């Protein structure tokens, strides 16, 4: 099995390595990470997302016949719907995947993400997925993606504090990290919380492997129509 | 007042002309239509939409300081959220606008659009907008956007037939045309229906003018954060 | 075009003048304001509303063939549904209109109104309209309608304070004034808020003009059946 | 205990008699029926309802200190909210009461009422009550209230046929008669249905007795503020 | 009429006596209380509930032909759905019954129960019933069922305090006691609250009597299929 | 890793074997299947479920310290909530798991199950999970669990026919088999459908393995309180 991770951001030093994903999957599952070549350094707005998606789609078109599943490595799930239209293999985004796994474990979940705008953005994602009534709270800690690694201690502390607020004030019984760039903090944050923590990148990668093994993917009979590539110039 | 229509498709002969919009607005309101220069001929999938949005954003950036409001001329509302992040003037998409106006007039509305995939796509738009419970039905007539003008009679007949089905079987009391490319058929279709018909392009243009006159626009305090343009390469 | 404003309260000195509405519409649109002759001085309860509606209906019956659209000038939208049954022209209430316009601009809106009971009352209006999930909060400032003008400074301050509370604590990204009697404060309150403010009277009047120009109105095929006037004694 | 039935229609020969209600309550519970003196013969529209409510309120004011509970005898629940504002005793309408009792007995209920417009009208009532997701269907048989008694056989047959349609096609497991004027048909209709039938007038009367005995009524702290009677002329 | 109360807990000294229920019903209605003989002392978890239900079903099977209605005396409504499958008489649980009665009286209700876990548990009950949007808050006071009687003063004070919190912070206009073991405190708690209080045991018993008198019960056509008793060993 | 499958039915010849599950998981994951010793042959009603759960709990108590995750092998998810209270390892039921996986792949899913009563039963499960708006339809084919294997051809044909009905009439884009006893038909049914099919037993087993590997489980801070075992006799 070969799984493709499309990273919808320019390559940078501190990003999650192939090792991160390889440790998550089975020994005979291969993971390939491909970064976009044009577009944003990080995704925090709809604008960033929009500027990354054409490259995500280019990568998906190029690799779709040589891999068994695609994960898009950003919590805004950029291009997930459009990539699904293109391909016949499962395609997952971390937000949808993590929120659904959260619902398997608790009656109320929360999401802690980067900037303040991610709060309403994630509420809309949950609303679209039909899970709005189970989202206790979604909140940003006002640290940008590229700032997360700059002061690890502070990032961990702020994320844990926000997570606790969603637990104590809003009744969350499970917390989702709302940015795949927070993966390296997950273990430390978990030790500070009284409830389980979902790290979205590893969760999504494993779910992708699960879907491939079960032979499950989306349908092309309804929402996900094949696009006509030749009408685009 | 100057209003910008961003047409997220390549220019073609049969498209709505400036005259169409100019007749809708006040005599002293200027309308400018700008087409994308790269991207799709028509938008029917998430893929098409994604390939159009970067150009939509380029146009919005270029014109944002010389116009008073922006309308994006496609029922998938491509790039509406991202353009809002960029600008301090009102930005409307025809789907959101028409669905909200429909709710001002009836307890249940329906949408008749082009291809079959537009049904679930529009259901998700309504869901995101919180209006799912008031959408009687959303349905495509299986005529592609570029086929609409090829056989006007058939298009009108099929759209009217589908509209009646949503009225009789699902209780719609108002019908929204689910594609701005259907504008030239609206008058004829209306004569065949027992309930009012909303033509989204003219409705959105007028609503944009209304918002400009009232000085209303979106906020940048929550969902719509200003993007950092310099982080995108 | 001639638009009728039915004021469901007895005429008083400090009410909105014809000038208010005339400034909002096009120069060749005529506005007529007709007050009820029996009924309440102000509307703050279901009881007040019920005592005003028969007069609202009498006025609507009298003027329905000589105007092009009707607005009922009170945020409880008194009699909107009943007037729609009577007429073939668009009929708008400020609550429904403002709440729908708010949803065109932000993912979450709030309403600030007069007395404490308006909070749950507006929640029910939003619920009926299908927009409950997008209402951040509805709150009264505990100043009665007729007290609003008595201490302008205090009214403005209290409304702005309540609006800020809905923004900061409940995530509202747009605020609706929940009483058409607050129209004269709107400009001053707007200067105190970080998000846009919707003044319902002017917004509704302009929306009515828009609907008339687009030829849109409600249907009589479903909810709004013509009443049989002769069965009422 | 003394219970007041306000009949929001002019008195007519064929109406439910005091005997009807007296048989439903305990032997020491007194029932008084008071009809409005001005207003409609029957209630089928919002207009009819609006023209009846001031009289309903007049009757409620007159009798509120000499009875223990008030029922308003019409499935549109005319004036229920306004009467609650006025009084300190329980006030029930048949629609709210029957729909809530239906939910005590089945996961999905339906309502069969008089004219076609009652379908969307009842959907809105259920929506306001938060019960929209449990309403299988609401439908009118296109027989006006005053026509129900004219051809009893036909009325019974049409109502039973519509009820079966909601059971077979929409999964209703309990049916509510959507008009208190159908009370005399209930026993016969029940024999034709495979699921229980709720007759709203008797159900509401008994529920009112139950509330009085339990000392339960609405609060005046929130939605139901006392109206200021002296501000109405 | 003979009504059966199944107490899904082992008999203990301080439980509600037959006298409690007998005072609630009509003089000629007989009440019988039957306790389970194996199972929990009190029900606070899903585990407790599961261990009580087989005994509840045994009792229901034994008595179903000699009584006219069954109430299960615990706010988790243990076994209500399964008992309904078995019998042709009405079966009520206090949670469903009280929550529906609460909705007859106020736009928002709250529930105050025993331990902290009852908060999310009751939210799920309301969600299943379709009433989630009308539940202001559900909260436990962290006193176990068997601790309620140990310090009456403290229990009353804590329950009243929590109830006030749901009224002031969450807009509840009626409060439901979330445990039938709180019945003896109801009168005292009511004196401390500005809104009505629903005591679930008496409310459910009276509602059961009401349903029996109206001849209403659940259907066996859909959700509640008769179980095949002989397939269980 | 050792995973426990609790089969809440008496052992029978035709049940899924250990081989079935062992093929689904990794080579070094051990699966143990334990059947209840008292209770039903099959689960089709709430009654059946209730009679199986005490045994499910006995088995969970016995094995909880010697396994890493528990799956309960029945689409009614019997005892899932109660077992979660008992243990510190992940616990899954096939209904919740399959419905959440379905939402990862399509905007609308359907469930095809055994008897007619499973339709409303599954609707309530989806409602509790917050996914009601995404359930296109849930339907039973009127073949009891123990009848499924008796006429394989007929079972496959009826299930496929019902699945197609949910696709064509209700817009399902993915279908879930609503009984783990249908596992052996999944491959054949899939060949007859135009959309993907989810077989719940294998999907749940793999998801359980995924959760164990990620170290994820439910919290004991809210809904899932540890039960006090000594209070049960």
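Think of it as A, B, C, D, E and F in the order they're written, each chain with its own count starting at 1.
Just so we're on the same page, a residue touches a chain if its C-beta (ideal position, glycine included) is under 8 Å from a C-beta of that chain, and two chains touch if they have at least 3 such contacts.
On a predicted model such as this, the values are computed, not experimentally measured, just so you know.
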| item | value |
| --- | --- |
| Chains touching both subunit D and subunit F, listed by label | B, E |
| Farthest chain relative to subunit A (centres taken as mean CA coordinates) | D |
| Winner on C-beta contact pairs when C-E is weighed against B-C | B-C |
| Centre-to-centre distance between subunit F and subunit A (centres being mean Cα positions), rounded to whole Å | 27 |
| Centre distance in Å when subunit C and subunit F are each reduced to the mean of their C-alpha atoms | 51 |
| Residues of subunit B whose C-beta touches two or more other chains | 107-108, 119-120, 124, 127, 130, 132-133, 171, 173, 222-223 |
| Touching chain combinations (by label order) | A-B, A-C, A-E, A-F, B-C, B-D, B-F, C-D, C-E, D-E, D-F, E-F |
| In the complex, subunit A residues that touch subunit C | 119-120, 123-124, 127, 132 |
| Contact footprint of subunit D on subunit E as seen in their complex | 26, 90, 92, 96-97, 100-101, 103-108, 129-134, 167, 171, 173-174, 194-196, 198-199, 202-203, 206-207, 210-211, 213-214, 216-219, 221-223 |
| Complex contacts: residues of subunit C adjacent to subunit A | 107-108, 133, 171, 173 |
| Complex contacts: residues of subunit C adjacent to subunit D | 10, 38-42, 44-51, 53-54, 57, 79, 81-82, 84-86, 115-117, 119-121, 124, 127-128, 130, 146, 222-228, 231-233 |
